[in-house]
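Shared chain: chain A. Partners: chain B in the first complex, chain C in the second.
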Partner chain A sequence: MSALLDIKDLKLGFNTLAGYVDVLKGINVSIKPGEKVALVGESGSGKSVTARIILGLLQEHRDALVSGDVQFNGQNINTLSPKDRASLRGKDISMIFQDPTSSLNPVFTIKKQFLEVLSRGDEKLSRKSRVDRATQLLGTVSITDPKRVLNSYPFQLSGGMNQRVMIAMALANHPKLLLADEPGTALDVSVQAQTLSLMRDLVTQNNTAVLFISHNLGVVREFADRIYVIYKGNIVEDGPTHCIFNNAQHPYTRALLAAVPRITGTGLPDVPEVSDEFLAPYVGHMQVS
Partner chain B sequence: MVLRTLLNRLLISLIVLVGVSMLIFGIARVIPGDPARIALGPNATTEQISKLRAEMHLDESLPSQYFHFLIDLSRGDLGTSLYTNRPVTLDIAEFLPATLELVFLAGIIMVSVGLPLGMLAARYRDSWPDSLIRVFALLTVSAPSFVWAVILMLLFAFYLPIFPIAGRISDIYEIERVTGFLTIDTLLAGNYAAFGDALRHLVLPAVALSLSGIGQAARLTRSNMVETYEKPYIEMAQAYGFFPSRIARSYAFKPSLIPSLTIIGLDFAAMLGNAFLVEAVFAWPGLSRYGVAVILRKDLNAIMGTVLIISITFLIVNIIVDLLIGYLNPRVRYSTRGSA
Partner chain C sequence: MRTLRILARNPLSVVGLVLVLLIIFAAVFAQYIVPYPTHNGSVIDFAFANKPPSARNWFGTDLVGRDIFSRIIYAYQISLTLGVVVLAVATPIGTIIGLLAGYVGGWVENVLMRLVDIFLSIPPLVLAIAMMGVLEPTLTNAMLAVTVVWWPWYARLVYSIARAEREEGYVLAAEVIGASAVHISFREILPNCLPAIITKMTLDMGFVIIIASSLSFLGLGVQPPTPDLGSMVAEGARYLPDSWWLSVFPGLAILVAVFGFNLLGDGLREILSVDK
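Let's look at the complex of A and B:
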């Protein structure tokens, strides 16, 4: 099966006042339709910017230099016109953010924002049918009183509620690819787990491919079919989830695995900030497909 | 809810008014010079002066004078102006509409030009429209309004006589006075030519008065919006492909307007005071000019009346701004406390 998203030798740098900064040093990522893939790394490793590049947002940033291929559904996002890129957003590609409450506009109701997202999918849809559709979609994320939620402002809802709203919005237009940038990290752990399993069920039903960006291998284990480990702008190891967990080869992946805090009370795990070992060459696990 | 907020605000405003009146009452009497002597002129006899002083209760203690003032005020009597020899209420009724007309139009210009300029600058941040608008805003803020009044008058009334040079309306029109607002009175009289003429007289002073406000509003809106553009909910709107112009006009503008509004409201009210120099340049028979004239003559009753009416306008504008913020900001609207 051909890939839905195929990133080849993607490089990104920023021109800053202090000079040129290298952020991505040529990464390769590929996602098949309906596949759930995780991109794991520490803060500053370049995972969030990758999502912004797939959305075509960073290409429009004046100080960002993007090179390489980002093939999505047969189009190279890097060479598309800004207008064509914008037409992919919210329709074929959508995104879920870290903190649901601050990702929703504080001065507009959920309804207004939801209807705007729906009209991205079909501009001709009447207001009435968009309201019906939003109500129905909120039902799919187990919101029992969609009417009240639609007429609420984000600050009137709990974080978990807002996250459900975000998930419903993200899947409203049946995107082919969902980017989840540390979804729910701002929520407490139990709510995060609930919303994540909800999200997993929905993307499986809709056959939506997911790029799940996280710093937490534990969260990713339950979710992803395949994992890419990114360190300082390089993919250091990738492979099926069970391979990464049972047979990690790269020193950085091993350090990450060791860094998952455990309940047994051995104290905080000790991970060196920088280690020469982490710069070891890339390890690719064989794909069993 | 709104009613409670309103009542709360009115009560606070009343307290502020009492404070302001006491303060001005005291200050006006501390300024050196005998108001009775100034009013009667150099040739007045001592008897005449002491008679006027007794009439005005000037020989009594300050609290007792204030008490007399309050009793008169409760009857709607602000006393007689020593400058115009007419009741102060009449003077205010004559001069206030001219100033309000000017300030209202200036306020409308300030908001309808300043906010879109700021929005445009933030939307095209760091590109040429932004630079242009920033230079313009800085220019307007850095020169006082009377400088703009003189420049505008020279350019558009003298060299290019597009607008009338001074006054409120041409002498050829006889308009019956109903509200004192010439733009309204001319319409009430059905005299559209006179309305156009009054409006043309308003343009230059109003623009001159509004310019620094435009710059202020544009700068404020820009900086608030630039900050808003960094917020996750704007990134979300971009990630979902909302149109950039729509993001600017609605998703980024509305959250940014709320903090700007308080300052814009204050700017608007401050125009009442700034209007003086513009009124002086354009020979505009308004309250600000009257206010300065009576202060220079130590016309106690007229000073009190003018300051009170300006304070009341200030407070009303503040209440309107508070209500507007409550309307725009759902957090305030839905807060359970009631007072915002």
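Let's look at the complex of A and C:
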């Protein structure tokens, strides 16, 4: 099967007052339709900018220099016109963020925002059928009283509720690719786990491909089919989830795995901030497909 | 209803609301409620000139025998019209410039906000006086002068809010679903600026009235015989303290209007910040 998203030798740098900063040093990522892929790395490793590039947001930033190939569904996002890029967003590609409550505009009801998202997918849909669709979609994320939720403002709902609303909105227009940038990191752990399993079921049903961006390997283990580990703008290791967990080869991946705190109380391991070992060459696991 | 309840919790803002409503009512229906409807023009009645307050003339009469109470009500008409027109023009201009600068950023922000800074660096009254010195002293020109000194404050206010809102998640979320810059500025960010804008407009009504009165106090605003609070105070000031009613009542009228709008504005600020 050909890849839905194929990133080849993607480089990104920023011109800043202090000079040129290299952020991505040539990464390769590919996602097949319906595949759930995680991009894992520490803060500042280049995870989130990768998502911004897939959305075509950074290409329009005047201080960002993007090179390489980002093929999405047969189109090169880097060379598309800004207008064509904008038309992909919200339809073929959508995104879920860290903090669901702040991702919703505080001065509008959920209903108004949901209907706007739906009309982005199909402008001809009548208001009534959009309301019905929103109600039905909220049902799919296990919201039992969609009427009340639709008429609420974001600040009247809990973080977990808002997260579900965001998931329902993100999947409303049947995107081919969902970018999840540390979804639910702002929520408490149990709520995060609930919404993530909900999200996993839904994307599996809809056959939506997911790029899951996280710093937390534990969360990713439950969710992803395949994992890319990114360190300082380089992919250092990639492979099927079980290979990464059972047979990590790269020193940085091992350090990352060791850094997950365990409930047995052995304390946090000493992970050096920078180590020459982490700069070891890329390790690719055999693709079993 | 909820709005009224919150307003009622703060008695001072109720006082403000009542004062403002009274002033608006009086100004709108001036012809029907003033005791001497013709006294807004050049009526001369020397038999009753310069009389202290009495049952016939509650606030006394001026030097040519016109009823001061009637003239104050008519002057409110002018002040309110001026305030409404100035704010109706200055607010959208300032808001659009502030939104553009705050959301678009880059050189647009630099050019627009430095322009705003230039205007803000000159004291408003001085700038308005300078403009009126060049222009003919008419009501329209007074409105123009006050508008020119007023819009930068809105640009600054909206800019600072837009700047902060731009970093909010919902703006990124809107960008991500492909919303245009215009949509994001006006449909996402602007509604979040409205509470501050509305509060400032209410507070500003009072200040616009003061600055307009200051202009006409200096003879640079509305010209006689049209009644204006500022020029009435100026005219009577020469006869203080003997004919105190000539300037004290128009002065009190300015005070009451500014006081009312300020109290109401403070109340609104509380109500609108509760929503957030």
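Convention: the second predicted complex is superposed on the first by the 289 of 289 C-alpha atoms of A that agree within 3 Å, B and C clash if a C-alpha of one lies under 4 Å from a C-alpha of the other, contacts with A are read in each partner's own complex, and residues count from 1 in each chain.
Rule of thumb we're sticking to: a contact is a pair of C-beta atoms (placed from the backbone, for glycine too) under 8 Å apart; a residue touches a chain by one contact, two chains touch by 3 or more.
None of these values were measured; they are calculated from a predicted model.
Colleague: Quick one: chain B and chain C on chain A, clash or fit?
Modeller: clash
Colleague: Please work out whether A:Q156 is in contact with chain B alone, chain C alone, both, or neither, and reply first, second, both or neither.
Modeller: Only chain B; A:Q156 stays clear of chain C.
Colleague: A:V107 in the overlay: touching chain B, chain C, both, or neither? Say first, second, both or neither.
Modeller: both
Colleague: Quick check on the superposed pair: does A:I31 touch chain B, chain C, both, or neither? Answer first, second, both or neither.
Modeller: A:I31: touches no partner chain.
Colleague: Check the residue A:S87 against both partner chains and state whether it touches chain B (first), chain C (second), both, or neither.
Modeller: Both chain B and chain C are touched by A:S87.
Colleague: Looking at A:L115, would you say it contacts chain B, chain C, both, or neither? Reply first, second, both or neither.
Modeller: Neither partner.
Colleague: Of the partners chain B and chain C, which touch A:I54 in the superposed model: first, second, both, neither?
Modeller: neither
Colleague: In the superposed arrangement, does A:V210 touch chain B (first), chain C (second), both or neither?
Modeller: The answer is neither, since A:V210 touches no partner chain.
Colleague: Kindly point out the stretch of chain B, out of 9-17, 45-53, 63-71 or 189-197, that overlaps with chain C after superposition on chain A.
Modeller: 9-17
Colleague: Once the two structures are superposed, pull the chain A residues common to the chain B and chain C interfaces.
Modeller: 55, 57, 62, 86-91, 94-95, 97-99, 102-108, 117, 120
Colleague: Considering the complex alone, what residue numbers of chain A touch chain B?
Modeller: Against chain B, the touching part of chain A is residues 55, 57, 62, 86-91, 94-95, 97-99, 102-109, 116-117, 120, 153, 155-156, 169.
Colleague: Applying the document's contact rule, which stretches of chain A touch chain C when the two form their complex?
Modeller: Touching chain C from chain A are residues 55, 57, 62, 86-91, 94-95, 97-99, 101-108, 117, 120.
Colleague: Taking the complex as given, what residues does chain C use to touch chain A?
Modeller: 106, 168-170, 172-180, 188, 191-192, 194, 275-276
Colleague: Residues of chain B touching chain A in their complex?
Modeller: 126, 231-233, 235-243, 250-251, 254-255, 258, 328-331, 334
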